[in-house]
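Please go over the structures that come below.
Across the two complexes that follow, chain A remains constant while its partner is chain B and subsequently chain C.
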Partner chain A sequence: MIEILSTTALATVQDVGRFGSLGYGVGTSGAMDHLALALGNLLLGNPEDAAALEIPMFAFEVRFTQDCAFAVTGAACEATLDGQPLPPYWVAQAREGQVLSLGYPTSGSRAYLCLAGGVDVPSVLGSRSTQLRGEFGGLHGRALQQGDRIAALRPGVSTLPTDFGVVSPSQALPLQRDGLPAMRVLPAAEYDCFLEDSRAAFWAGEWKVTTQSNRYGYRLEGAPILPKAPMEIRSHGIVPGVIQVPHGGQPIIQMRDAQPSGGYPKFGTVIEADLWRLGQAPIGSKVRFIECSYAEAIAALEDNQCYLAEVSRLVDLHGLASR
Partner chain B sequence: MSIASEPRISLLGSTALLFEAPGELDLAPQQRIWNLALQAGEWAEIHEAVPGMNNLMLTFIKPPRDLNRLCERLLQSWENCPPLPLEGRIVELPVVYGGEFGPHMQDVVAHTGLDIETIANLHCEPLYPVYALGSHPGYCYLGGMDARLATPRRQVPVISIAAGSVSIGGVQTGVSASAGPSGWNTIGRTEMSFFDPTQNPPAMLRPGDMLRLRIERIIR
Partner chain C sequence: MTNQEIRQLAVWLKENHLAGAELRRPGMHLVLKRSSDAVAVVVPQPVKAADKPLLKTPGLGRLLLTHPDQTEALVAVGSQVAQGQLVAFLQIGDLLLPVRSQQAGRVAAVLTPCGTTVGYGEAFMRLDAA
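Here is the complex of A and B:
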């Protein structure tokens, strides 16, 4: 069990997401950085679908009200346990009464606090992720508040090894273009309906992540993307990563809390394999986009899987060595 | 935009594909979409088949290597797919039009050239079939709005509109089930509980159900 001593807005419980309810208008939710969540769960020997706390704003502080192993992944945020620094992507054993503090990130924008066994909240429509719009899932369907108490499914002193870490996704899977973090984009249905100059400017330009960016979507700022002619499109299913261009010309990238449908023209889709990169792009930072093919999008997913498989192998080896 | 004469398939990254039916937005093609969704939902590589407005999104369990085969199967199924009439319940909703409940009514007035009274009357006239659910938990897309009311989506979506908002986006209309961001033009408000995650199914309405909107009040 942990108690939240201090939090800013919008820390939530998230797992890999809620699948199978799109037809009821329920989006997937889930961690903005799937890799950070997966790594935290691997470090703790948790199931893949275990839930964690996603922390997008700092400072954040919790007290362990009982012994519990935990991992902090995602943004490098100068984590300390009773004042002792913890490296990024690290698993540790907390004792009753110890305080974990997360400071302002030095890189990335979202940290994940994973607990042994996963966060113990009820599964709603197949997931523990918080559905903020629908006010269900997670902890009472809302963001975490000071004083909240959250249980782990496997508290106590861990029988698995602790006090080790893994290489971070940004080190293992770097992707930059001209000094800025980059994401690969697959063109979507209305791509050809935008002016050629606008299309070229999208790929060439820097895009600022504006303050109106959150779990629902990232509103970007750059050279406006203009259509050849105005478009009104029938509403249809969309997925996280879809880049919509409202009539104003400033793109919005749908993120994990995105609506499962929409009707603004679609320029492209940030590929699923790179969505974690955007999830870690801080507000005010700049990013670039790289055009890619469907085959490349699948290959990128496989790269992520290989990296996770390698980490899983190393974690297993660590377990054998420490026996 | 011109009306397509052939069905169109496009990708949503490596997560899903989108099938768009040709022709004008109408109930008959929507009934074929419902049928196609039933069929495609059973295919091995498909996680969910999600109807939209005369279109269908298929999400992948795992992105298929051979997309062409899937696309061909989809097109063939569409050609052989008769309309599936779903006869649902009729639900009546009282709507207050205009004023603080319809913050974008003036934009619809400006675009359509109609007065508020005419807009409310035209908007309440049809018995609206629920074409699809989407947008947010319990939200229903309605078909059959009077074309004279069509108003483009907003230049920039608003950060939040209230639960129960009755709004227009292009030739479509719908009722918000909860507060949240929207690019549509809100012209009125109603009260109704559309979603309960503890129920099975969690959404109160389903495709084929029908909404009868009734003018409770018009704020001029």
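Here is the complex of A and C:
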């Protein structure tokens, strides 16, 4: 059990996401950085579908009201447990009464606090993720508040090893172009309806993550993407990663809390394997995009899976060696 | 484990007058036995240079003095170190294991550059006793 001490807004309970309900108008939700969540769960020996706290604003502070193993992953923030520094992507054992503080990140933008066994909230439509728009899932369907108490499914002193870490995804799976974090993009249905110059400028340019960026979507700022002719499209299904271009030509990338339909023309889609990179791009930072093929997008997903499988193997070995 | 590492283990066994060693890991079982008969004498080595304690690596791996996601080293020459404080990481593949100081003191010298592949028991940092 932990108690939220800070008043920092917008922290939510998230797992891998809620799938299979798009037809009812229910978006997927889920962690903005899937890899950070998966690694936190691996470090703790949790099931893949265990939920954690996603923390987008700092400083963030919780008190452990009972012994509990935990892992902090995602953004590299100055983390301390009762004043003792905690490295990034690290699993540790907390004792009753200890206070975990997460300071402002030096890289990345979202931290994940994973608890042994996962966060104990009811599963709704197959997921523990907070669905903010529908006000269900997570803890009472809302962001966490000061004084909230959150239980872990496997509290106590862990029988698995703690006090070790893993190399972060941004080190293990680096992707940059000209010194900026990059994401691979598949051209989408209306790609060919945009001016050739605009298309070239999209791949060549730098894109700033504006302050109008959150779990619903990222609004980017850069050279306007202009259509060959005005487009009017009926609303259709969209998923996280889709890059829409409204009038004015400044793109919006749908993120995990995106609504499941929209009518803006679709320029492209940030591939599933790279959405975590965007999820960790801080507001005000710049990113670039790399055109990729469907086969490359599938291969990128496999790279992510290989990395997780390798970490899982090493964590298991470490568990055997520590016995 | 490479032949070179096994040879290094054999050297350490000899240096420390140990009769042998057995290592078990999934997929690996290594038994080393010294053929010499002058063995099994467990003589505690006289603790020398106690005023200049050395921190030694706890195993094989890549010794990191700075976390790959951070820019500042965990400790630098002149830092005060408490017993049990994290002073380095041992990287094994994607895994990072903590290297903690067995004693308190002030860091007098860093003997191994960050990123060096180290074996078991290599001195990498010298402390001045607190």
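The rule we apply is simple: the second predicted complex is superposed on the first by the 322 of 323 C-alpha atoms of A that agree within 3 Å, B and C clash if a C-alpha of one lies under 4 Å from a C-alpha of the other, contacts with A are read in each partner's own complex, and residues count from 1 in each chain.
Simple rule for what comes next: a residue touches a chain if its C-beta (ideal position, glycine included) is under 8 Å from a C-beta of that chain, and two chains touch if they have at least 3 such contacts.
This one's a predicted model, so the numbers in the text were calculated from it and none came from an experiment.
> In the overlaid three-chain picture, which partner chain does A:A321 touch, first (chain B) or second (chain C), both, or neither?
After superposition on chain A, A:A321 lies in contact with chain C alone.
> Thinking of the overlay built on chain A, is A:V167 touched by chain B (first), by chain C (second), by both, or by neither?
second
> I want to verify the contact counts: of chain B and chain C, which reaches more residues of chain A?
Greater contact footprint in residues on chain A: B.
> Go through the superposed model and pick first if A:F19 touches only chain B, second if only chain C, both, or neither.
first
> Once the shared chain is lined up, is A:Y307 touching chain B (first), chain C (second), both, or neither of them?
second
> How about chain B: which of its residues touch chain A in the complex?
Within the complex, chain B touches chain A at residues 1, 8, 10-16, 18, 20, 25, 47-57, 59, 63, 65, 67, 132-139, 141, 150, 152-157, 159, 169-172, 177-178, 180-181, 183, 195, 197, 201-203.
> Could you please specify the touching residues of chain A with respect to chain B in the complex?
19-27, 124-125, 131, 133-137, 186, 188-189, 212, 216-217, 229-242, 246-248, 250, 252, 259-264, 266, 269-273, 294, 297-298, 301
> What residues on chain C touch chain A, complex-wise?
25-26, 67-71, 86, 89, 91-98
> What residues of chain A sit close enough to touch chain C in their complex?
Those residues of chain A that touch chain C are 76, 85, 87-90, 106-107, 163-168, 170-172, 307, 310-311, 314-315, 317-318, 320-321.
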